[in-house]
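The structure that follows is given in the form of structure tokens.
By written order: A, B, C and D. Residues from 1 in each chain.
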Amino acid sequence: MSVPNVSLAAVMPEPGAAVEVREVPLPDLEPDSALLKVELSEVCGTDVYLREGRLAGVPYPIVPGHVSVGELDKIRGTLLDVNGKPFAEGDRVTFLDVHRTCHTCWYCTVAKASTRCPHRKVYGITYGLNDDGLTGGWAQYIYLKPGARCIRMDGVPSELYMAGGCSLPTALHAVERADVRLGDTVLVLGSGPVGLSAIGFAKLSGAARVLCIGAPDTRLSSASRIGADATLNFTDRSDEARLEWVRSQTNGRGADVTIECTGVPAAVTQSMRFTRDNGTVVVVGQYTDHGETAFNPHLDLNQKHLDIRGCWGSDYSHFHRGVDILRMPAAAALWSGITLDSYRLSQTNEALAEVEAGRAIKALIVPEP
Amino acid sequence: MSVPNVSLAAVMPEPGAAVEVREVPLPDLEPDSALLKVELSEVCGTDVYLREGRLAGVPYPIVPGHVSVGELDKIRGTLLDVNGKPFAEGDRVTFLDVHRTCHTCWYCTVAKASTRCPHRKVYGITYGLNDDGLTGGWAQYIYLKPGARCIRMDGVPSELYMAGGCSLPTALHAVERADVRLGDTVLVLGSGPVGLSAIGFAKLSGAARVLCIGAPDTRLSSASRIGADATLNFTDRSDEARLEWVRSQTNGRGADVTIECTGVPAAVTQSMRFTRDNGTVVVVGQYTDHGETAFNPHLDLNQKHLDIRGCWGSDYSHFHRGVDILRMPAAAALWSGITLDSYRLSQTNEALAEVEAGRAIKALIVPEP
Amino acid sequence: MSVPNVSLAAVMPEPGAAVEVREVPLPDLEPDSALLKVELSEVCGTDVYLREGRLAGVPYPIVPGHVSVGELDKIRGTLLDVNGKPFAEGDRVTFLDVHRTCHTCWYCTVAKASTRCPHRKVYGITYGLNDDGLTGGWAQYIYLKPGARCIRMDGVPSELYMAGGCSLPTALHAVERADVRLGDTVLVLGSGPVGLSAIGFAKLSGAARVLCIGAPDTRLSSASRIGADATLNFTDRSDEARLEWVRSQTNGRGADVTIECTGVPAAVTQSMRFTRDNGTVVVVGQYTDHGETAFNPHLDLNQKHLDIRGCWGSDYSHFHRGVDILRMPAAAALWSGITLDSYRLSQTNEALAEVEAGRAIKALIVPEP
Amino acid sequence: MSVPNVSLAAVMPEPGAAVEVREVPLPDLEPDSALLKVELSEVCGTDVYLREGRLAGVPYPIVPGHVSVGELDKIRGTLLDVNGKPFAEGDRVTFLDVHRTCHTCWYCTVAKASTRCPHRKVYGITYGLNDDGLTGGWAQYIYLKPGARCIRMDGVPSELYMAGGCSLPTALHAVERADVRLGDTVLVLGSGPVGLSAIGFAKLSGAARVLCIGAPDTRLSSASRIGADATLNFTDRSDEARLEWVRSQTNGRGADVTIECTGVPAAVTQSMRFTRDNGTVVVVGQYTDHGETAFNPHLDLNQKHLDIRGCWGSDYSHFHRGVDILRMPAAAALWSGITLDSYRLSQTNEALAEVEAGRAIKALIVPEP
């Protein structure tokens, strides 16, 4: 197959500006790099914030799209999987959007908290078009720089994987950190993509019941299909009504584990109140600064003997295990319950609008005609 | 020795009223109960709140004083230690102030969170004079009801033990929950009794450096003697100045572990900011409701990948291990650095005033002339 | 319903002797005790060892049967569940076979290892007929002494619960201790009742694949029905062939987690070899002394950076959570795959023979005609 | 300072042969590599096994000496510490002997068990003279290949650091894995370098008492100086006598934590027997294959509800934290209790003989005259 010289790419030129499709030259491959022909990428909430310019350190213009799946179109040199087996051109893969985790800084080596490594770069977010070229998924091709880590997609349909998308590793990290025990009642706050994948992983982890508070009803239907046993549309409900609902579902005690996936600061305070004494709260919905919230340290934390765990980013293990888990028939059945909406490269502004409005459940970008 | 028929006791008649010394008849001992002749009891911050009526469910009039040490004056039936060895009259002991942990409720049996057992009663706090008699340490005698758990004080001077007092099990529980690693930098917020004991336990647990932010200077001197490597008097310092001080002590990163022991809601938010990414915060200073505080869930929690752990109450293990630890020469050297102020039963109002004003570091009650 | 004066009971008179059915007088109920009318009890491997006299400290004659389900026939005083709700006569319940965990010894209070409490007594094993009366399930009635802990069976059919029987809490404890992670490959050695329940719990905990090595084929069929993805009949296989099979199922690395449930000492060594480096082995199959086994500490343990965890007994939480879990439809579907064989009180010798020979998968005792 | 063209190096030509001093040409430095002028290196038990040819995969001839301290003599390009600060020529440093941990294989990325990475190379052990040049510490110079990780020694005297030597990270890893709790009794089996450092770390971690069983008396004297509260010379003692001694020191229960550092397979079985029920055993003394040992899985493991943890290798964090810990005055006081014996490059055969015979406590190599 002859590779073209250019790739179409949907580019965010600067904060606040509309996305525009451009022709970008394909790079010369460095040793041990590759070119990925994109089959599917996605639009996530972060992309909305990127357009609004709410994230710091973004080198506009950028090509958004941090998690994608596609075919290895060209490999220069050697690209190995974690078992030491070389990838071949034509292999269908996804890749870790996080790049250049340094393995040398204090956070990487001493704290072993690599998601806090200050040197990491993220495809589609902190790599820019000018310096790094095709480094986002809203394009026909992505340049996989040396050191990019690919994962074989054998046994996992691309659409199934993208039903999770970047939420898959994010939610898996959160659910791992939640230490769900067999038979627990897990409450998920939020019914966006991270919330939905968190429901699925909580269910697979042995939660006896998974509850979800979210909106709108279309998303709550997806929540039910991916494993929620009971859902509540929070619209027009008071905080007290929500609390009462949670208690009515949990023997009056509150959830054993609550996973906050909302993006709304006040939901963090509510997550403490919705959780039983000595329970666990994982906060994974606050990836952008939306300001402060108030809580009562005596009633909401100290007296409750609560565990609250922030959860930032993901590493290779979450991608790898996420794909492994999707090979489980039980997982495939759950994630296939997520409704997908597909958009062309020329439709990314429309896709962003649908995601921002909460009308799309999971918006995919399909670069090829 | 002939036991008298009555015991002097300092009684809080009702919220807001002054403490008064009364004569209280000694009880008839039920089977497997005992009478403890009090050598030392204490005044802690909770006693100040008790006088102010800030705790719910207190059956006034009460005899305050929840942690005490003394001599078993009379035993009816059998009283065993955890090794199955019977106590004898004359043995010097302390006892677990928490009584009637039920071992049958959901929190005791399924969640294994016995400090959240709703049936537990606490000597000196939730036992009242009218129904339960001599159930506080501000008295010549304490009635150890059946099921009370005593601990031998062999090898631990009474004053050394009371230098920790009720803060000993409270702080030990907090430090256990902090998972201090060898070589960590631990920051303790607050230099009251819980803060001081937390410093000592953090130091013994292998912290390379223990920092303390507190006030006044007299307490910070105690902080230094019990193991703090550096202290900061927060008076007249801005939040920013405190943060800068912490960073200057921690390679710019913040503490590995912060233990909040202040009683001030805003300190909980600061504890998040003073802690490094992926560090741990234990909140043990919020035993009374002092209202809300604001924090930024994105900056202070989620992005920091932080662990925040509320820590409520203590159980027998914390008392037992606390006494065991004081048998270590290294521990004795630390706790002997705490300045003690002794008061008679007739001086408890004065003692409360000194504690409330933060002038007393550790106030003891000495019932016997 | 009028309660009779006597209960039929199948009694083991002494080690080595046949079980015989006797009439035993019903006890006078102490305050806060109860009489349980047995619907189903069970025969487990321990009962075979009891007949052989291989356990120490058994007060023959005994009525075997440690886990049972039935109806509360008569309650004297008050019997509460963990939520504080009183039981009523006619309620269908199971109860914790472990009694008199002391909550006062060093193991109960300081180590928090209550399954190592030296004071605990077990219905059907360490309670004897002469001193304690009807304290085993192979009888029409069981005397629930004061302090016995009952669990409501609402929503859980008796036969479904007894398909797990005493293996349910035992295996749940083992799987909790195994810390199965979502997507793990779990290997279960042994296909007796504990192995089968371990398979079910591992599957529910999110294992991507559960492997089982056992025998005979009838049990392996049950293994498949309760969740095993692949099974191996070890008969006529060498250790090397088994190892090769495990590796062929695990990318050449070995299982992430191995749960040993065999009763054969050599299987403990094999469990180390079948597990990947830095994996986890739980040993729960060695409840009786069958002698020693050899292993290589360098190759099998130190160089592998392995975790090996012994798992003894169970406590109330394992019974309670076990019943809760069986209320999950996914769990009911798994445990309903276990084949049950029912025996009358007069057939317990035959039942023991079937269990000993490995012909019965799960043998139940049905006391009522 | 003018760097010479050659370095003297003590070379093991092949298994079984005597070490000989050779002149080895200094390498041309690759980009971002460095030359370390060795101040001190060491002789450890592994070096004895290297001479005997008991380790697999060793590319003889080799220059032994895996942990060393010295001065950065020449840096080509940039060498950064974990805080991003560049090293300068003249800095006194140690470096991580483990090199080329890949950060890409399944063990590095998914299992996060980097000490089981199959690609790692160890200076002085699996790097050979022919292919890799000066890659061991028994030489005037070590070639620090690109990617080598150095640690500043500011505040830590070289001799103090080498008193731990390679045992420092090994023992720290073991003690971290032991989860020592404040007030525990820790038993260390073995009084060689790893055992001695394990004693020190256990003491610093808050062990109330550290016990050591070892030999000969000279090493037990070092054990006492580095923190052991009681020691037993095992020579001429039966297993029963040792067990009785441990019980006499532990209220009859056994140690809370036992750390096996002996190199003798039978000691692993004893470590199980010397530990209390529900205690923890860390096995770190079995770095070489010395054959099998027998144990009783029922009595020694399952019924005891024991945790046994193999501990292999170390990573950068153990070196970094080890150096940090030695900056604590309490640590310096402990490790200064280890007796050092120094040998020239021409005396390494003698040094090996002393180490093999157990006469040397810690043998250092001093390359410079």
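Just so it is clear, a contact is a pair of C-beta atoms (placed from the backbone, for glycine too) under 8 Å apart; a residue touches a chain by one contact, two chains touch by 3 or more.
This structure is a prediction, so every number in the text was calculated from the model and none was measured.
Touch-path distance (fewest steps) from chain B to chain C is 1. Here C-D and A-D were compared by C-beta pairs in contact; the pair with more is C-D. The distance from the centre of chain B to the centre of chain D, each centre being the mean of the chain's C-alpha atoms, comes to 41 Å. Computed from the mean C-alpha positions, the centre of chain A lies at a distance of 42 Å from the centre of chain D.
Annotation for chain A: residues 83, 106, 251, 321 touch two or more other chains. Of all residues in chain A, only 83, 172, 175-176, 181-183, 201, 204-206, 208, 251, 321, 324-325, 327-328 touch chain C in the complex they form.
Residues 80, 82-84, 103-106, 109-110, 112, 149, 315-317, 320-321 of chain C are the ones touching chain B in the complex. Chain C contributes residues 106-107, 111, 113, 115-116, 251, 253, 265, 268, 276-278, 283-299, 301-313 to its touches with chain D in the complex.
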